[in-house]
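Consider the two complexes below, in which chain A is the common component and chain B and chain C are the respective partners.
So, the complex of A and B:
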C-alpha cells in the first residue's frame, strides 16, 4: 500500500474520527509554508478515470481541497443546465391519471437534447423557437380485433394500453426544422421505455409539451445527474503482523476483496496485506475484536476523492465534468469581473471585450470521445 | 411559504450589484463583502483558498438566512494588499486550478483508450446512451465557457 503522510489522513478510531479538517494553510505549522503554488499543485493533482459506462463515470480526484470537490459535486447536481418539459397543455385527457399528476410526471422525463441548442428560459419570457422545444403526445387506446376471449394480458387485448415516453413526438417550430444539426439529431427522449401512464379502450390523452432550459436549482427535473457523490479514499495500515490462526477472521472483518493473504516474506507462513482499500465500506468491524487491538490503523485520505457520477440521460457521463467546470468558471468570473470593475472602473469593460475575442479562437472546446 | 420565486436564486434583480464591499472602520485592513445570488458552492471555495494566501489573516463566510440568496464574506489582510485585491488573486487562483483539473480530465481520454464497461452498476440496462461525441455546433451568439 502506498505510504501516505499522516497529515493527509482523517483518522478513524473505534468511537470517533479525528483530524477531520485540513491544516495545509500558511501559518498553521511552524516552519512550513503551505501557500498555494501552481507548480506544487500541478505536481500533486491527479485525475484517474476508474470506470466509464454508457450512463456512469467514476473517477478519482486527488490533490484538491474538499471545497473544490464539493463545489464540483454541488454544481453537477444543481447548476448544470439541461432541457426538460416545463409547460403541458392538455387538450384531452380521459385517462384515470389527473392532468396535474400527468404533467408532473412528464416533467421528470429526461430529454436527450444538447443544452447549447436553446437559450436559458427567462422568467416572464414568451416562447420562441430559440428558447422552447415542443413535443406532441397523442395516444388513444382501442380494442384489438380477433383476440381470443381467454386472453387476459392488456398489452395483447388492447392497442396502446401503455403510454411510453417514445410516444412523445418532436414538433419542430420556426427555424428548428431547417437547422441541419437539429434534423440529423432530432430532440428525443433519453430512454424510450419510460411508462408515462396506462390507458383502456376509449381513453385518450392529447397534450402539447413545451420544454425549456434551466438548472437543477430551480427544479430537480433539470438536474443532469442521478446523482453525483464522492467519498474519501479509505486507508488501512497494518502495523503489526496477524497470527495465522486469526487471519481468516481478520480478512472477514473488512469488506470482501479488501484484505488479501499471501506467502510471508522469507517464504515462511502466510501474511495479510491490503489488496484493495477502495473496496472498503469503512465499517470499522475490525475494532470490535479485542485480539486485533493495535494491529491496524484506519483512516481516509483527506484529499483523495472517489467521485461517482451517474448521468440521468441528458448529457453523456464523460461530458458532465467539463460542463460543470464551465459553470464553475462562469461563477468565479462573475465575482472577478465585479471586482475588476471596483478596482479599475473603466478598464474592466474593455478587457471583457478583448477576452470575448480571444475566446472565439479557441472554439474547439468540448470532448472528442467516441463511445 | 416565505420563499422567493426560485429564479431569484440565480438572477440578479434590477439594480442589484453582484458584489458590494463595505470596508471595516474598526479593524485595520478588513472588509465585509456581500456577494449576491451565490451560495455555499462558491463561498466555501473562496474562503478555503483565501486561507491559503499568506497575506490573509482572517477569512470567513456566512449565509445569513437560507431563504435569502446571498452570502457575506469577511476578509482581513496583513496590510500588504487590500481585501479586494486578495479576493481578485483568489479568483485567478481558482480559475487556473480548475483549468488544470479540466486539462487532466481531457488528458485521460487522449492518452489511453478507455474501455467502456458493458456492465452497468445498479442493474440499469446497458447501452442506454449510445451518443458518440458531444461536440455540436452551437448557436452563433450562444455563450460558451471558452468565451471568457
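So, the complex of A and C:
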C-alpha cells in the first residue's frame, strides 16, 4: 500500500477519531511553508476518473482541501442549472389523480435538453421562446376491441391504460422549430418509461407543460444529480504480522476484497496484505477482537476524496464536473468584479450611489483609502 | 440595515439588502480588519474563500520568499479569517478578515478570489486530461428487473465462493 505521510491522515481509534482538521496553513508548523503556490498545487493535484457508466461517474480528487471538494459537491447538487417543468396548464383531467399531484409529479420528470438552449428564468418574466419550452400531454384511455372476456391485464384490455413520460410531446414555439440544433436533437424526456399516471376507459388527461431553466437551490427537480457524494480514502496500515491461524478472521474483519493473503516474504507461510483499501467501509470491526490489538492502524486520507456522482439524466455524467467548475468560476467572477467596483467605483455606480445616499444616510463612508 | 420586503408574488424568495459585496461598519480605517457582507452566497463560496485566505495571503509569491532569510516566507499575513451565515433564511454571508502588520484585507480578498479561480481552472485541466486519458473502467447501468436482481444475487454468490476458495 502507498505510503502516506502521517500529517495527511485522519486517525481512527476504537472509540474516537483524531487529527481531523487540516493544518496546511502558514504559521501552523514551524519551518513549514504552506503558502498558496499554484505550481505546487498543480504538482500535487491528481484527478483520476475511476469508472464511467451511462449515468454515473466515479473519480478520485487528490490534493485539495475539504472546503474545495465540498464546494464542488454543493454546486453539483444545488447550482448547476437544468431545465424542468415549472408550470402545468391542465385543460382536462378526469383521471383519479388530482391536478396538483399530477403537476408536482410532472415537475420531477428529468428532461434531456441542453441547458444552454434557454435563458435562466427570471421571477417576473413572461414566457417566450427564449426562456420556455412547451410540451403537450394529451392521452385518453379507450377499451380495446375483441379482447377475451377472461382477460384481466389492463394493458391488454385498454388502450393507454398507463401514461408514460414518452407521451409528452415537444411543441416548438416561435424560433424553436427553425433552429438546426433543436431540430436535429429535439427536447425530450431523459427516460421514456416513467409512469406518470394510470387511466381507465373514458378518462383523459390534457395538459400543457411549460419548462424553464433554474437550479437545484430553487427546487430539487432542477438538480442534475441524484446524488453527488464523496468519502475519504480509507487507509489501513498493518503494523505487525498476523499469525496464520488468525488470518481468516482478520480478513473477515474487513469488507470483502480489502485484505488479501499471499506467500510471505522469504517463502515461508502466508501473510496478509492490504489488497484494495478503497473497498473498505471502515466498519472498524477489527478493533472488536482483542487478539488484533496493536496489529493494525486505521485512518482516512484527509485530502483524498472519492467522488461518486450520479446524473439524473439531464446532463451526461462526464459533463457534470466541468459544468460545476464553470459555475464556481462564474461565482468567483461575480464577487471579484463587485469587489473591484467597491474599491474603484465607476462613474455609473457613483451616480447610483449618490441617488441612494440622498434617500437615506449611508452607514459606511466612501472607499477613499490608498491600497 | 432594514430588510427589504418580500416579493409581492407570495413567494419566500430572498431579496438582497445591498450590493453584492459591502464592508460592514466597524472596520479599521486602513481596512486591515474588516467584515465583508457578500449577498447571495453561502457555504459553497464562504468556506472555500476562508480556506484560501488563511492559506496564503503572503503578499509576495511564495517562490520569491523562499530562501529569503529565516522564517520570513513562513510568517502568515492573516491573523484571522472566518465566515458565518447570519441566518439560514437570509441568503448572505459575513466574512471577517483580520490582517497582521496593517496589510489590506481588500487586497487579501482580491488575491484569494484570483487564486481560487486558478485552482478551479487547474482542477478542470486535470479532469479533462483524465477524461482524455481514457484509463477508467467503462461500466453499464444495472437494470432493475427481477431477472437482473436474481442474476446479480447469483453472481455475488459465485464471487463469494471464488474468494473463499482463494483464501
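One rule holds for everything that comes next: the second predicted complex is superposed on the first by the 345 of 371 C-alpha atoms of A that agree within 3 Å, B and C clash if a C-alpha of one lies under 4 Å from a C-alpha of the other, contacts with A are read in each partner's own complex, and residues count from 1 in each chain.
FYI, contacts are C-beta pairs under 8 Å (C-beta built on N, C-alpha and C of every residue); 3 or more make two chains touch, one makes a residue touch a chain.
These numbers come from a predicted model, not from an experiment.
Superposition of the two complexes onto chain A shows a clash between chain B and chain C. Contacts of A:32 after superposition: chain C is touched, whereas chain B is not reached. In the superposition on chain A, A:316 contacts chain B only, with no contact to chain C. In the superposition on chain A, A:257 makes contact with chain C only, while chain B stays out of contact range. Using the contact criterion defined above for the overlaid structures, shared-chain residue A:11 touches neither chain B nor chain C, since it reaches no partner. Residue contacts after overlaying the shared chain place A:248 against chain C, while chain B stays out of touching range.
Of the two partners chain B and chain C, more residues of chain A are touched by B.
Looking at the shared chain after the overlay, A:171 reaches neither chain B nor chain C. Using the contact criterion defined above for the overlaid structures, shared-chain residue A:64 touches chain B and also reaches chain C. In the superposition on chain A, contact of A:41 is made with both chain B and chain C.
When the two complexes are superposed via chain A, 41-49 is the only one of 41-49, 59-67 or 149-157 in chain C with C-alpha atoms clashing against chain B.
On chain A, the surface touched by chain B in one complex and the surface touched by chain C in the other have residues 24-27, 33-36, 38, 41-42, 45-49, 51-56, 59, 61, 64-65, 67-68, 70-71, 74-75, 78-79, 123, 318, 321-322, 325, 328-329, 331-336, 338-340, 342-343, 363, 367, 369, 371 in common. Chain B contributes residues 5-7, 9-11, 17-19, 21, 35, 38, 40-42, 44-49, 51-54, 84-85, 87-88, 91-98, 100-102, 104-109, 114-122, 124, 126-139, 142, 144-148 to its touches with chain A in the complex. The touching residues of chain A, counted against chain B in their complex, run 24-27, 33-36, 38, 41-42, 45-49, 51-56, 59, 61, 64-68, 70-71, 74-75, 78-79, 112, 114, 116-117, 119, 122-123, 130, 181, 185, 190-191, 215, 217-219, 310-311, 313, 315-319, 321-322, 325-336, 338-340, 342-343, 355-356, 359-360, 362-363, 365-371.
Residue ranges of chain C in contact with chain A, taken from their complex: 1, 7, 9, 11, 13, 19-25, 29-31, 38, 41-45, 47-48, 50-52, 54-58, 61-63, 65-66, 71, 73-77, 104, 106-107, 109-110, 113-124, 126-131, 135-141, 160, 163, 166-167. The part of chain A that touches chain C in the complex is made up of residues 24-27, 30-42, 45-56, 59, 61, 64-65, 67-68, 70-72, 74-75, 78-79, 123-124, 248, 251, 256-257, 261, 318, 321-322, 325, 328-329, 331-336, 338-343, 363-364, 367, 369, 371.
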